[in-house]
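Per-chain residue numbering starts at 1, and chain names A, B, C and D are given in the order in which the chains are listed.
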Amino acid sequence: MGEKSELNVGMIGYGFMGKAHSHAFLCANKYFNLPIKLRMKIICGRTEKNVKHMKEKWGWEDYSLDWKEVVKRDDIDLIDIGTPNNIHVPIILEAAKRGKHVLCEKPLGISVSECRKAVAAVKRAKVYHMIWHNYRKAPALSLAKRLINEGRIGKIFHVRAAFLTESLMDPNRPLGWRLEKEKSGSGAHGDICVHIIDAARFLVSEIREVAGMVETFIKERPLPQKPKQKGKVTVDDMSAFLCRFENGATGVFEATKFARGRKSHNRIEVNGAKGSFIWCSEDMNVLEFYSEADPKHIRGFRKILATEKTHPYIKGYWPPGHIIGYEHTFINALVDFAHAYAEGKMPSPNLMDGLQNQIVLEAVLKSAEMKKWVKVGRLK
Amino acid sequence: MGEKSELNVGMIGYGFMGKAHSHAFLCANKYFNLPIKLRMKIICGRTEKNVKHMKEKWGWEDYSLDWKEVVKRDDIDLIDIGTPNNIHVPIILEAAKRGKHVLCEKPLGISVSECRKAVAAVKRAKVYHMIWHNYRKAPALSLAKRLINEGRIGKIFHVRAAFLTESLMDPNRPLGWRLEKEKSGSGAHGDICVHIIDAARFLVSEIREVAGMVETFIKERPLPQKPKQKGKVTVDDMSAFLCRFENGATGVFEATKFARGRKSHNRIEVNGAKGSFIWCSEDMNVLEFYSEADPKHIRGFRKILATEKTHPYIKGYWPPGHIIGYEHTFINALVDFAHAYAEGKMPSPNLMDGLQNQIVLEAVLKSAEMKKWVKVGRLK
Amino acid sequence: MGEKSELNVGMIGYGFMGKAHSHAFLCANKYFNLPIKLRMKIICGRTEKNVKHMKEKWGWEDYSLDWKEVVKRDDIDLIDIGTPNNIHVPIILEAAKRGKHVLCEKPLGISVSECRKAVAAVKRAKVYHMIWHNYRKAPALSLAKRLINEGRIGKIFHVRAAFLTESLMDPNRPLGWRLEKEKSGSGAHGDICVHIIDAARFLVSEIREVAGMVETFIKERPLPQKPKQKGKVTVDDMSAFLCRFENGATGVFEATKFARGRKSHNRIEVNGAKGSFIWCSEDMNVLEFYSEADPKHIRGFRKILATEKTHPYIKGYWPPGHIIGYEHTFINALVDFAHAYAEGKMPSPNLMDGLQNQIVLEAVLKSAEMKKWVKVGRLK
Amino acid sequence: MGEKSELNVGMIGYGFMGKAHSHAFLCANKYFNLPIKLRMKIICGRTEKNVKHMKEKWGWEDYSLDWKEVVKRDDIDLIDIGTPNNIHVPIILEAAKRGKHVLCEKPLGISVSECRKAVAAVKRAKVYHMIWHNYRKAPALSLAKRLINEGRIGKIFHVRAAFLTESLMDPNRPLGWRLEKEKSGSGAHGDICVHIIDAARFLVSEIREVAGMVETFIKERPLPQKPKQKGKVTVDDMSAFLCRFENGATGVFEATKFARGRKSHNRIEVNGAKGSFIWCSEDMNVLEFYSEADPKHIRGFRKILATEKTHPYIKGYWPPGHIIGYEHTFINALVDFAHAYAEGKMPSPNLMDGLQNQIVLEAVLKSAEMKKWVKVGRLK
């Protein structure tokens, strides 16, 4: 089991995810009784003003402008990564080399080959690692997994999943790092499709083969620094794929940032022989569940408000009917990490999930390019 | 049991309800196998052009402009009433006198005292009678009753019901008969509140005492014939009441025609010790049901789409998932009437329900006037 | 324009569709004022007892056991087809030869090549023809089309559609004609996927290329006549495909009869630059619509209950908030047919739509077999 | 304006509300930039083990077992009260006497007369005060208020509100302080009905007269310390009332802890001449809004997911579509408090709202007892 009762955390990145992670580090042990302490030691980023601001806001003890320094510090036990995608693996490699445990945002990297290196490195270093697929930790989706384990869904026939936003529909939205292939790896595909891929792998089984497509609707956008000039968008605005799972189920997946009216609509439906369920992040405290075990005349999709003590993670929060928010999924992830560490188990999902998700992502892109079905490799 | 295998129907009134009834008479024996035939013999109304048109449209064999003649005809077995409210009881009295069976639209009449006469008359005449509280016959609401009978709701604590429309919000809407007390008895109260009163009595128990209120928001409206002149609205635009049921449950009722955005929103929720359900006419094929008998972690309101063979009345219609419409509730009512007649049982709901509903309506009005709680009398 | 003021109808087939069509023929001119009369002349099927029963139930004047005779009759103007799929085209060919107008259930046939013959025949014969894609005629889906035409959706980026049922999940369900390729052409694909293909073509544009998959989960089923013996299922239980539309939109389609809890869930979502909408047959009176034209802080998917006079087809029915049912979509289709005939216009959708739908169906099957993208041919 | 840039907080009470308040004090200035600092100086409660635990969990600097001491401390600027109801006013009186600002949980007290004293005391002391009616601070409900202010609802005709839970249905639930009249004042009435009263007053206007009822379904419960003995429940399990608002609107209110399946279902619907809205705490990020200003054919209740920058409070949180949870309403309340203090304005809602809510609560109880309508007094 993990040797320490307190881990000093160095967090690299301070944007959207830096804020979500900071709240989680700050509050996880308040809502829950963690078996170890996670100490907010240092936050790191490139722009001093901003990093300093975040340090003070959220109570990090120190800040740095150079991730390499942070990774080198002897007093840091755990590196938490929330940077642009192309820096994930470089940081992991350095961190692992120094025996630091790793928490990494999704997607793991920008290519399968670099992700393989990351996994090899953490394995070699025998460190604990986790990938922040936070939606697995929503109580209602975690409950779905429990229903599967209890046999309430039965043999699974179908998965249909979509992650829909409208976040790229404005043509004036500048060409940030997420729209540059060398920094992001891919667009909506790696940013949001990876969430539904991960959810399906978590709930159902590995994916065996895929037929995919991608599309870029707006091909040029203003440059962030020179808004009158335009640069080329080198990633997809949407991706979709059909698949077959190893257990024989079929899958239909779609991710897009061009779905007018959809804000952050991450939805998955699973149909099995005995039951079905639907979950959507925009109403993330609810699981809809249909059971063939019910008497015939009272069958229907029930809306389970997963806010009761009997539901995953809820003991840490509020009485029934008081919903939790998006950022609590990060707290829940940390709770799982802390317990896994304390019990000497590898956290889940971890960098191997990150790699397998990347393998699927890449297979879809290859299929889209070749316009035919492609087998999905398996992590050994 | 009813003596005849065919009943000749005379229908008085040809408006909204005349159309719904006509469709029911025409199609009931097509969707279902009725034990008796209901022959569309004659339709009656005051305006020849319109009555004749309806006769031809819907296939009535004959028409008349004088209901008294219709009631007198020897070849008529069954009088179906869809006239303004103040004519219901006069027709019933004449029909009963001549031994005609009676179907009557709701509300039964415009006062308890005249409704008592109607009930006395049909009892004396020993005819079959039914009141068209069609919503009882929606498969999903009928299913709710079955759930109660099966003990799935348990001891009932609460009823909350509302019938909401926006149909009187336009101040230019003319002063039709529904807005004149001497023709209608009351406004939203007798027109739509009576539906939720009936549903609650059907599902729960009799009402013991009430505290009510009524309100008229638009006090004058254009006269139908002289739109530049205004007349006084003599009925309520809304009514509401609290109540206690004989079984100890509490009730909260509201009916209004001033609820912007609500079209014909007839909703009832019942909470019991073991379960709860919700039904709403705008989504009338669905019953939401919560069961405490479910395992703790999978409790939730289930949306039962009451379109399967196992559900009330559905055998006559379509495969699962194919919804029926508003007018089918009238077909279902006729199906029940025909079976009751053939089996020699009094149909349900019948004129005694109409009277008891009227007793509740009147108690609410009295309470509203006296500004205190009022006991509800019981039909002996 | 159509020459006659009354068309004598001969209907072939008396099952689920026979009942839906009968109700439509019986009631279309009651709810609406049709410009022509559709006379229920003769119903035709193979089993005398059943045909006769349907004739009497629904008021057909005559019946026949031989469709060829019906088609030959001089007093028949219009042939309505609701038989197994493999008989559609043969009947059409004979009917067209004799100058009869044609209404045909979907799918048009079992192969593109025979469907081409059907279209050639009706063109040659210059008869009026319609294919019963009834869902186009649901008021709420028809309203969606109006919103597109009004420019409220804008350039369309995405279509996602699914038709989900659980109707084949019981392994004891016998091997009926729908499961035999030579009678049905395909399984869920031709039976229900065709509906969502048609809806997308109706709403968006033609489909340019597809990548598809099919799956058969239960490969053998009891023979209808010898339930102890099993026969091979020769069609799909599910199909799915990705596509690109000619206007540049992407599409994700899925049809299955193995979605536990889904009854007849025919759902389509369309996302455009200015707005999005969602429609689902299980709640068919509702259209969900999101408009970017709304002020920013009050944007959201609105649930339009398409039951008001301003909505398509509703003038024939009931006041606001009173929903119509599944079978009314058939009435609406007949209304459109009658008006098109009277005005001398080709009804829509018609056999050319049936053929184009078949071209898409077949392209998907070919793609599934070849495991690569396939171009979709275009009807000239 | 408030004189200090930092307020030292002493919080009395450490239960459900103590946790919610602690999170708010800890995080308000992290999500938002508060104009003043709120320092978590001391937490106070009666049971040392528990208070100490909460102090350490949530980072209070100190703890105490005696609220009188806390109130006396010179280094405390602000007293935050989350104790049983009967201690609220005594603490306020002491706090005000010493010039401390006050935050108080709802309901303000257990009687109108003591609440009047509290209000008099804070007025005399000229301190800032707020009552924690946190639901006003849910972005979606705050948006509703904005819609009213913008004239999008128009003249209001109806309010219907219900706060439904099932939290007292277990007869083995012991007789805690909330079930003892001398400690709580009333039951569901003061605990949850007060929330919907406050919401209606916030959104609509003051209440002019009421007709109420209360009911206690389980009249004896196990004593907390001696579970084999039973004690008398001296408060209501449910309350309901009809009312008229000063602006002429009607109201229907119900609060109960006996609604099977309802977890913390705090729902309010408001109907006006131009629009309507519905809000429910179980789905608290959503506001349903209907606007008569929309073109006729696209009117419907829109589901506004109030998670965009344009919505109240959201700038502090996450990108569109990422929901916030129950406890964020407390953060939002603190944000409002801090700004009011810094700008020298009285926060809203404050103790005068608490008193007016109490006046309504008491009028309802009086009406229930007298079984007639009762006028509601007005705070001068």
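Observations on the structure shown:
As a convention for this text, a residue touches a chain if its C-beta (ideal position, glycine included) is under 8 Å from a C-beta of that chain, and two chains touch if they have at least 3 such contacts.
None of these values were measured; they are calculated from a predicted model.
When the C-beta pairs in contact are tallied for B-D and for A-B, the bigger tally goes to B-D. A centroid comparison over C-alpha atoms places A as the chain most distant from chain B. Separating the CA-averaged centres of chain A and chain B is a span of 54 Å. The centroid of the Cα atoms in chain A and the matching centroid in chain D are 36 Å apart.
Centroids of chain B and chain D (each the mean of its C-alpha atoms) stand 41 Å apart.
Shown for chain D are the residues in touch with two or more other chains, namely 262, 290, 299-301, 305, 308. Here chain B touches chain A in the complex through residues 143, 146-147, 152, 287-291, 294, 296-305, 308, 310-311, going by the rule given at the top.
Of all the residues in chain B, the ones that touch chain C in their complex are 16, 20, 22-23, 26-27, 29-30, 57-59, 165, 167, 262-265, 281-284, 305, 307-308, 317-328.
Interface residues of chain C, counted against chain A in their complex, comprise 154, 157-158, 160, 162, 164, 169, 211-213, 215, 217, 238, 240-242, 244, 248, 250, 252, 254, 256, 258-262, 271-276, 290, 292, 299-301, 371-373.
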